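All remarks here apply to the structure that follows.
So that you can tell them apart, the chains are marked A, B, C, D, E and F in the order they are listed, and the count of residues begins at 1 in each.
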Amino acid sequence: MTESTGGIDMDEDSSGTVKKFAFINRKAPYGTVYALESLEVVLISAAFDQDVSLMFIDDGVYQIKKGQGTKGIGMKNFSPTYRALEGYDIEKLYVEKESLEERGLTEADLLVDVEVLSRADMAALMEEQDVILSF
Amino acid sequence: MLHIVNKSPLEKNALDSCLTHAQAGSTILLIEDGVYAVTKGNKVEPAMKKVMESCTVCALWPDLEARGMQDTVIDGVKQVDYNGFVDLVAENATVQSWL
Amino acid sequence: MKFGIMVNEGPYNHQSADSAYQFAKAAIEKGHEIHRVFFYHDGVNNATKLTEPPQDDRHIVNRWSKLAEEHGVDLVVCVAAGLRRGIVDENLAAGFRISGLGQLVESGIQADRMVVFGD
Amino acid sequence: MKFGIMVNEGPYNHQSADSAYQFAKAAIEKGHEIHRVFFYHDGVNNATKLTEPPQDDRHIVNRWSKLAEEHGVDLVVCVAAGLRRGIVDENLAAGFRISGLGQLVESGIQADRMVVFGD
Amino acid sequence: MLHIVNKSPLEKNALDSCLTHAQAGSTILLIEDGVYAVTKGNKVEPAMKKVMESCTVCALWPDLEARGMQDTVIDGVKQVDYNGFVDLVAENATVQSWL
Amino acid sequence: MTESTGGIDMDEDSSGTVKKFAFINRKAPYGTVYALESLEVVLISAAFDQDVSLMFIDDGVYQIKKGQGTKGIGMKNFSPTYRALEGYDIEKLYVEKESLEERGLTEADLLVDVEVLSRADMAALMEEQDVILSF
């Protein structure tokens, strides 16, 4: 029970407060666990009615590359979960244009609808946040 | 010598260091996040093409496929599975992992 | 001021567990409050009571336990990350408790600042 | 041919524990011998029997234990690295044994090839 | 905003990424292996000097001293201890760690 | 006992065999444990009468920087151990010239006697090894 709900038990202090939460994803999936466990926090955050943004920069853009198939490495393919975020009202996904370009990727390679921002705009968006969790 | 690189080329310096130390005739095997180095349009594509003139470059396809990069591999890269990985280790007298 | 801290790496392997501790200790000494230290990813390994470092080295786990004991700092280990890595009630060190990821988000909401230590 | 394997990272956090396992399994299937798998640094965390990953995920620790059971693979956890990280007899999974660093050097001498998996 | 970088500038891309995202007026704090970035003669010295024109650059001196780099810090870098680290976090509304 | 001797118990297969062992150090000290735990393997290897070389390249050259003082970070300063290696007959320490230069260091900054090699010579030396342990 605690596991599936993430132990959500908000006390009075936090109800009503809405902060700008940014999850900054800078790492590729599968090579390390950060992409997967970041996504688990994002899902839990949906229950707290905060203003959540996901930002994909550097190798983080690989997390939402189309066509992932993990049978060969014996790990779980968690990429479909990004498409489920909308159902949790997590709709602000930002991807950095320069990060895509340095990796030979375009918006068409991504498995979910995102807003592509220039590095300058991404930097400005970071500056607006209240809480930044980096993975 | 078999060189193994498991790091993304744009996140860490492991590939750079491998490329500046690998002797002509060596084999370089890319695994885990290292496979991004042999995908088309990556910033390191020119460096990979250059090293392919003197070294054999291989990539583990289960890792390419996991990352959705199987359709964008640079021409001339030899794709291997775990059996092929084992063969490469057996064929080369020494193995160096660039961690 | 209220600080939330997130620790993402295990003890001894990365310095981030040390940096997080030094930061927490300094913050308390300066009169700030540590709202919570949340251990995630390999950070959950900070909470094993089975650790026995060499005698001339710092004892990272005991240091956290002491911080909880002396200053009432809330040390929370992520249940899901802990299960993946074998950190469960059976080997949980004193002063730590196991709970869900909601505790991290809650800390982000309630604390004035959130500082992430990791790799 | 005899292969020695060194695993330097913990399960789930880095893919190196998975890659090492897939390599070992393929080598055995091809008729090679795994002389020893030596777990060092955070690699010692591969040996905790307290791990309980989600049901739809692979069980990295049990996979190693099965490799030892079915193919007699020698799984050695570094005692010093294990003590630092809380991997001791009490939580050691089946098929693993705790020993010294000499076992790594010895494996380098006796095996035909040594392959390092880590971060 | 306070940016914290704990990675060596020549091993990983965390500092690079921080420098291309930090807005003018930000503070950048280097800790752990990140402190090598503010040592004289390091390849990134020019980049650090440039960012110091628009941002405040700080380094944790316990980390400099641990690494034997305390006598070779670029002029203009503000050295802080853990208390100073706490003050920087308190003074800045948001903190971003570049992991 | 097992701990201090490293469990040395050579069986017949290995006595008499002398291989070229290289320990390749590419990481800075303290930020991660690799430098310290690499040194622990090196010390144990001395008991096996192998042909041991230590190579310091990339950030690994920082491991043997003079003047380390760890009181402030609460960790143990293990750098004096590099000076003790000679007593274990481990005398082949190689440092890469280009790695020093990129970090503003010279041979005079190092706490132990080493041979400074060009990158090309270091690469050639790697090629001669039988067993390579990387940290």
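Quick notes
Quick note on the criterion: a contact is a pair of C-beta atoms (placed from the backbone, for glycine too) under 8 Å apart; a residue touches a chain by one contact, two chains touch by 3 or more.
Please read these numbers as outputs of a predicted model, since none were measured by experiment.
Between the contact lists of chain D and chain E, the overlap consists of A, B, C, F. Interface comparison, C-F versus B-E: the higher number of contacting C-beta pairs is recorded for C-F.
Among the remaining chains, C is positioned farthest from chain B, on the basis of C-alpha centroids.
Look at the contact of chain C with chain D and you find the same residues on each copy: over half of the numbers used there are shared. Among the remaining chains, D is positioned farthest from chain E, on the basis of C-alpha centroids.
Distance from the chain D centre to the chain F centre is 24 Å, each centre being the mean of its Cα atoms. Chain C and chain D have Cα centroids lying 27 Å from one another.
Across the assembly, chain E contributes 6, 10-11, 13, 32-33, 62, 81, 94-95, 97, 99 as residues in contact with two or more other chains.
Looking at chain A, one finds that residues 30-33, 58, 73, 75, 131-132, 134 touch two or more other chains. Residue positions of chain C with contacts to 2 or more other chains are 12-13, 15, 22, 41, 57, 80, 83, 114, 116, 118-119. Contact between chains, using the touch rule, shows up for A-B, A-C, A-D, A-E, B-D, B-E, B-F, C-D, C-E, C-F, D-F, E-F.
Looking at the complex, you find that chain D touches chain B at residues 1, 3, 8, 15-16, 19, 22-23, 25-27, 29-30, 32, 113-119.
Interface residues of chain A facing chain B in the complex, by the touch rule stated above, are 27-32, 58-59, 62, 65-73, 75, 77, 79, 102-105. If you check the complex, the residues on chain B that touch chain A are 6-8, 10-11, 32-33, 36, 39-43, 45, 61-63, 65-72, 81. For chain D in complex with chain C, the residues that touch the partner chain are 10-13, 41-42, 45, 48-54, 57, 61, 80, 83-88, 90-91. Per the touch definition, chain C reaches chain A in the complex via residues 6, 40-41, 79-81, 83, 99-106, 108-110, 114, 116, 118.
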